[in-house]
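Since the structure comes first, as structure tokens, the remarks are kept for the end.
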Amino acid sequence: MNASTHVIDKLDLISRSRIRALVAVARDFGQRGWTPATSGNYSVRLDDGRIAVTRSGADKRLLEPSDLLLPDKDGILADGVRPSAETPLHLQIYRQKPAVNAVLHVHSPAVTVASRLAVGQQGIRFHNYELLKALSGVETHDIEIELPIIANDQDMTRLAAAAEPFLSTASPCPAYLIEGHGIYAWGEEVDGAARHLEAIDFLLNCYLLERNPGS
Amino acid sequence: MNASTHVIDKLDLISRSRIRALVAVARDFGQRGWTPATSGNYSVRLDDGRIAVTRSGADKRLLEPSDLLLPDKDGILADGVRPSAETPLHLQIYRQKPAVNAVLHVHSPAVTVASRLAVGQQGIRFHNYELLKALSGVETHDIEIELPIIANDQDMTRLAAAAEPFLSTASPCPAYLIEGHGIYAWGEEVDGAARHLEAIDFLLNCYLLERNPGS
Amino acid sequence: MNASTHVIDKLDLISRSRIRALVAVARDFGQRGWTPATSGNYSVRLDDGRIAVTRSGADKRLLEPSDLLLPDKDGILADGVRPSAETPLHLQIYRQKPAVNAVLHVHSPAVTVASRLAVGQQGIRFHNYELLKALSGVETHDIEIELPIIANDQDMTRLAAAAEPFLSTASPCPAYLIEGHGIYAWGEEVDGAARHLEAIDFLLNCYLLERNPGS
Amino acid sequence: MNASTHVIDKLDLISRSRIRALVAVARDFGQRGWTPATSGNYSVRLDDGRIAVTRSGADKRLLEPSDLLLPDKDGILADGVRPSAETPLHLQIYRQKPAVNAVLHVHSPAVTVASRLAVGQQGIRFHNYELLKALSGVETHDIEIELPIIANDQDMTRLAAAAEPFLSTASPCPAYLIEGHGIYAWGEEVDGAARHLEAIDFLLNCYLLERNPGS
């Protein structure tokens, strides 16, 4: 991993700062049980436009900067390293959202269960939560935000095609769910992406608590 | 932030001690997930009567004394700092309750969900819990305490007007809920305010567990 | 508190070791949220027969040996210290159970909610749990253990009278619940008492999860 | 314990590395509350084929390498040490699965409750979860995996006989439940076994959340 560490050390200040912030968020989310069994993956856009994605199989609670894989200027990864299989979903978000510089994907219990319970619906709608204001651009609780859900697929091309309609609209929801799988969330910087993910996981926990038929 | 730190270092012993206690409570509550996505805000009354409120957007798990904003003797904040948007609600409590020196506002899951489930009711009533004795002045479990709920509003003047009737009574409940939003709790010192908030969050968790129709 | 620390430092090895073990358990249980809002209290029997009980109002997550109050040889506490109001319930257990040297009282969410849901029943019965073997003397899961519940009361004499029938029998259950209040658990040493409490809290969590009507 | 520590220090690199990894996993799982009241037990296969099993009664949150008991070359344990009573279940798995080098047994709340709720069924079936891919050899969410459940028994010979049919098949599920008791999970190395256990506990938590009749 020394070679990879060197690559990161030579990056510009903005890129290094995004990587450092991403590592801190990954460890925090890992401690919360949001990336069980080495699941989940993370990426940032570097200042020169390249995308750094976590390698496959890393324990995210112990993530190191060197667990982020950097393509060279021609987009080629070093021999022998294996990026997350879901890298195409990260790249799609960066392509569709030029202002986005961080993409986070986790498997929290709330995300997994909610994505299965709401199946057959287009998405999960949130209304009247103050915490909706944690989403960039949302200024009031008195708004309805829809979190899309797409069907799971092991074929990344088909999965990306299912996500495409949601990414190409100007929806204020900076995230989508994959059924029985997890969530993708993004933001202009790592902190914003983490705030979005934290807010949506909180709202999904409320959603699950409120489904209790005693209510 | 250096300037702000200086201001705090020059305060009297009582005020510095309240700020230190508040920072410790904010970090503890942040670790419990009660201030997700940089939500929540906190304040203390200084010994000279001024109110110090947390700045907007701080991650409460990492709160520092310098994240508390101090108006000068004329009530004016330094240029460029932005106090929490909910500052007027803090000020209202200090105005109505002269003995109160600490106000805490958090968004725990129990608080958020309970405030939505009980909507349409005036408040949530607790009875027969030993932990009610954690509220100042309550000496027995055999009492009924009502936790008020007010509707949420982005207009702080209207929100304060809705809270006013509850603050002007001598209710033994040192807290109120805002629907889908969070809780305000207070006390004579930071420790007492924290004890109140901790007890009410516990009681709301019991309330949610007990709503299970299997009971 | 210096005076009190001195007293403990002069105790025999067995007594000092019980106090050290008790402090570690109290901090651990406090971290789990079992003593919210400074609730809960703890005691050990010293080797000379005296009972040391935690002072009133201590934050159990930060308990220190000096937070345990020691009567002198005539059973008199030093001036100005206030033992837990529930001290008589601790003393009753030590009187009825000569082999017991540690008594633990906490307010975990599972304990509080279960004690309220099972109201009107004599107690909560556990059957077919391997973890029942954590209770001293229990050798199989294929046994029925009843955890008694008594009504809450602010009068300690009446509360003790309600607990008396359960303490004077040879029941294998080393604990009882007080409705809407908490649990008392005991053991020959601090570790055993803590193992009993941990096992019963676990079983009560299972009890609550299983009450879900979908089961 | 010094004698035992010495024995471990003299082991080959692979065996020492498995023991170190096992101790880290045991502490982590203990912190999560998966081995309440000193329950649970763990083992690894050493490079020379001997099996090291945790001693009875150890607090797994504080596990040390010396808490693992090593038989000598003739399979005899040192005088006075007591291995876990469930050692025969560990040995059975190593006998049936020559590639397995780590076996983990815990009592998490999800495992205990799910094993009781599904009683009368052959096992619990999981389908359409991305996290199924955390199980070795599973490449897609679109598969049905059955987690077997066997009845509890204090007679280890009868318990092993009940587990035998599941161990002798080529099922992709690297774990089985014992009703009201806990889970056994295994893997080629400690990390893999831990990943399997973490994934299955996560899936059982989802299973419990989804049983809510409001769904």
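First chain written, first letter: the chains are A, B, C and D, and each begins at residue 1.
What we mean here is this: a contact is a pair of C-beta atoms (placed from the backbone, for glycine too) under 8 Å apart; a residue touches a chain by one contact, two chains touch by 3 or more.
Since we're looking at a predicted model, the values are computed, not measured.
Using the mean of the Cα atoms as each chain's centre, the chain most removed from subunit B is D. When the CA atoms of subunit C are superposed on subunit D, the rotation angle comes to 90 degrees, reported as a multiple of 5. Taking the mean of the C-alpha atoms as each chain's centre, subunit A and subunit B sit 32 Å apart.
Averaging C-alpha coordinates per chain places the centre of subunit A 45 Å away from that of subunit C.
The set of subunit A residues touching two or more other chains comprises 212-213.
Subunit B contributes residues 33, 36-39, 107, 109, 112-113, 116-117, 152, 154, 178-182, 208, 211-213 to its touches with subunit A in the complex.
Interface residues of subunit A facing subunit B in the complex, by the touch rule stated above, are 128-131, 134, 139-142, 195-196, 198-199, 201-202, 205-206, 209-210, 212-215.
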